[in-house]
Structures are given as C-alpha cells and as structure tokens.
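Read the structure below first, then the notes.
All chains are identified by letter, namely A, B and C, in their written order; residue positions are counted from 1 within each chain.
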C-alpha cells in the first residue's frame, strides 16, 4: 500500500519534471533526465546523506521505470494530461505526504534528532523539484514562495511529535502524510504563502560565506 | 591500458572545463575548479551514489593532477590547443566510451539492475559536464540536444546486453566503450540529434513536483 | 574551543546565506534554506565524499539550530547586522580558517593524499557558499574572482606541510586555520585577486566534456 502510493508520487513528480522539459523545449533525453531527476532526486539525496547507498531508487528498478513512463507520457501526450491537471494536483499532494513521511521515517531510523528529521522530510519531498529547476536554470520554485515545502516541514514536525508520544512508526508516518497532504490541499484552496522579509537591496553579504 | 585511457579521458574533459572557464572570463582558480569538476565530477557522483567513498578520484591523486594539468594547459596555451580541436574531439569521444564502460561496470558490481547500469554509464560520462555548466549558470549542454549522453546510454545498453550473454566483464566493458565511442563519431560525422517534443508553453506544471 | 569557533563560523556563514535570500526577495522559508545550505553545505558535501554519513551537521543538532538562528536574525534584524558588517567579516575570516582546518583534518583522517587534503580544505570552506549561489542562480562568487577559496587552499597546503613534518594534527590544524584567516585578512586589506586568463571568446569547447 505504502509502496503503491510511493510509486504514484514518483510518477506524478516525474510528470512535473517532464512538463518543465516541455516548457524549455528540450529533446526526448531532456524529458527523461528531468522526469528521473524530479521523481527520484529527493529520495536519492536523502539516501546519500543518510549513508543508505546505493539509494532505494537505484536498487528497485520500478522507481526508474515509473519515472521514464511519466516522462514518455508527457512527451507524447502532454495536452490530455494538462486537461486533467486538477487530478494531477491531487495525486501530487498525496505523493508529497508520502515522500515527507518516508523521509522522516528514514531519518529517524538513521538516528537523527528532531530537526534533522524535519529537514529530511522536506528534502525528500522537495529535493527532486530543486534539482529539476536547477537543471533548467530556474530559481527553485520551492524557495520562491508558496506553501509546498512548508507543508512537508510541518509533516515532519507531526512525525517527531507523534513518535515522541511513543505511538510507533506506522502511526507517526500516517500522521505525517495526512498532515502534509491536508496542509497542501488547504494551502491550494486558500492560496496561502509565507511572509517575505523586507528587502534591503544595498546591504552587504556578497563578501562573506565565500565572497570570493 | 584501461587506466591510461581513463586518465586521458579525464584530461580531455578537464580541457573542456577550462575552456568553459575561459569563455566566462574566470580567474586562475576558476579554471582549476572547472577543470577538476568536469574531469572527475561524473565519477565522483557515481561513486557517492554507489557508496564507494572516498571516490576513486580522491584516492588516486593522478586524477586530480591530470585535471590541474589540463586546466593549466588551457590557462596558458588556449590558442594552440584550439587549433588542434579535431584531435581533442577524438580523444573526448574515446574518453566518453571509457567513462561509460567504467560507470556500467561499477554499477553492475554494486548489484544494480539493467536500468540502473545504463543510468550510471550515462551519469559517469556526462555528470562532470553537467556540474561544469551549472557552475557557470548554463543549462547543461547534455540536456539541450545532440547525441552525447545518448551514445553513453546506448553503451550502457550494450554492456548489459553483453553481460547478460555471460561473456564476462572485460568483454562487456570493451563492447560498451566501442559502442559509445563509435556512436559518438557517427553522430559527429552526421550531426545527429534526438527529436524534441512539441512545445505547449501554456501548459501547467509549475504547480507540482514542488511548485512551492 | 574548536567546537565553539566552528559553531561561530557556521553562524556567520548562515548570515551570509540569509543576506543572499534578502537580496533575492525570498520568503521566510527561503531565508532558512539559504542559511542552512550556506552554514552546513560545505561540511555536508565533504562528509558525503569521505563516506562519513550521516554528516556531522545532521548528527549534532546545534549546527542546524545555529543556522536557523542566523537566518532568523537577518530576517528580522538585517539593518543592525549590516551596520556591524566589519565585525561579521572578521568572524567570517575566522570561520573560514576553522572550516579549512577541519576539512583538511577530516580528509587526512580518511587517508587522502596531499592534493585531496587541499581540495577538501577548500571545499569545506567554500562549498556552502557555492550551494547558496547556485540556489539563487548566481555564478558562485568563489569562482568569479577574489582570494577567498585561495586562502583556504593555501591553508590546506599549510596543513599538509606541517603534517609532513610530523608535528601532529593539532599543530597542523592550528597552522592551517591561522594561515587561512591571516591570508584572508591580508587579501581584504589589500584587495588582492588572482590573474584571469586572456579570453578567447570564439574558441571551441562547447563540443566536448558533454557537448551534447
């Protein structure tokens, strides 16, 4: 059941990667690269950081197959998929919840503390999209605004809270997925976003961190 | 022999990184960074994904030395190298084949299935170029068109096919390298590229994957 | 003591990430993402390459907390921090030295040779800034010019030289940190930078490495 929803989420994320390839006029290979990167990128980054190598997405070939299927679907049938976009968005929100729950569970199993767990929930859910956007030279959608990563972060918080109550991993994962998906639906319905800081364009900052 | 060709491929890839630094007007350090990233980036990403850390390119210092030599060659002698560009292209195609063959062999040794092997062949051969292009804020050449990564992918397919026949790793690697390099020569001679999808610029897609 | 300076460096790097978020008009989440990526990104890349997973920054939650504190400080109080920018620069140079020294020491402990040690010193010190700049689609400051990474590289050289004399890790790390921070102060005072190569804009290079 979890596995089926995880594959569904991977497929929907791959669709999003392939539509990005479409917008940028890439060739067939570009569709496949962005579909794979978006579908399994977040989980791969998580597994590499946690030392679980080779990543699950390389050990079980269904993940890659599902990504390729998503990429081909958009390559050959973009308009009919686009007409059903509301259904894609629902599946995407469900996938987001499952990804966040799995990221949190893997991080907890690797012994990370609460902040690390929350970070891994968000990274699993959004890392693929970040890779997708970087490859076509866009600022990652996830840091530009909206409520997407925030839903995954709060799902991670729900996981740590539930786990701290001693309710077991299955309950914690379910809670995390329901919270993430629910928040995402709520944010889509109400067009919620986070506040931005006041901008101070002339402030320094170029000369640290690695100001060169 | 394999080792010598691998170092040659690394050197030629480093040249390509340094020419990218040249085009962007970077300083000496920028030449070295792009030479190293292009020369050993693909193999490093592969080794990290397969859990073979520290990567081979960090354990055997000849790889880094060869990259630095390539970067310095372009920094101080770009025009004579550019005049011999056809020879560089031949060496690059040979390096591409060796990189694809080694990526496929390492992936097979790590227990990956056929799709994972093909993916690792292409990633080893093209990952360095992707890092190179991202660092100077270009859309990676490999997803913009052409037949470069496709040659490596088909080399990976040749590896899995040969290995499935039980012919042993040495034969499979040779086949993969010959197929990749041969396809690359053929594509350069005939200016081959993959089809692009029809573009639907007003389709959705920004709002999934991590639409933010 | 080393731990305290390491956390200070992480905090200052996080400030730099958050100012980058400010310049790009990102929301609260964007501030946090760039603060975390800049503060712990370099060390995470190093730990992943060396196979020390999960990275130290995920095992000890103080690193992430310090990053979040730095991000929030800039989100709510950018102008007073900017007015004290000279102090931030001093702390940043100290952090740079500590990061370089720790990168060199970890690389040596993992059995890398002298070039690998120097590379890891620079990567630890500048990797976070590279990730920060890539996320907002800027060419990494570190390869655009200046003397920032070069100070860390020379700190790595100082580490390998001192270690080769058999003076022990503590002396080598101290030397590396002092050399890096000292060079950074000197470069800031004299506005030093490396030479750039002559540009040959019409040279080839697009068609290798992964010319696509």
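Quick notes
The rule we apply is simple: a residue touches a chain if its C-beta (ideal position, glycine included) is under 8 Å from a C-beta of that chain, and two chains touch if they have at least 3 such contacts.
Everything numeric here is computed off the predicted structure, so don't read it as measured data.
A complete topology is adopted by the chain contact network, contact being made between every pair of chains.
Residue numbering at the chain B/chain C interface overlaps only partly, since under half of the positions present are found in both copies. Overlaying chain A onto chain B using CA atoms gives a rotation of 120 degrees, to the nearest 5.
A separation of 27 Å divides the Cα centre of chain B from that of chain C. Those residues of chain A in touch with two or more other chains are numbered 48, 51, 130, 134, 137, 140, 142-145, 149. On chain C, the positions that touch chain B within their shared complex are 48-51, 110-116, 119-120, 130, 134, 137-140, 142-145, 149-150, 153, 193-201, 203-212.
Those residues of chain A that touch chain B in the shared complex are 12-13, 15-17, 19-31, 33-34, 36, 38, 44, 48, 51, 53-55, 58-59, 61, 64-65, 68, 74-76, 78-79, 82, 85, 88-89, 92, 125-126, 128-130, 132, 134-137, 140-149.
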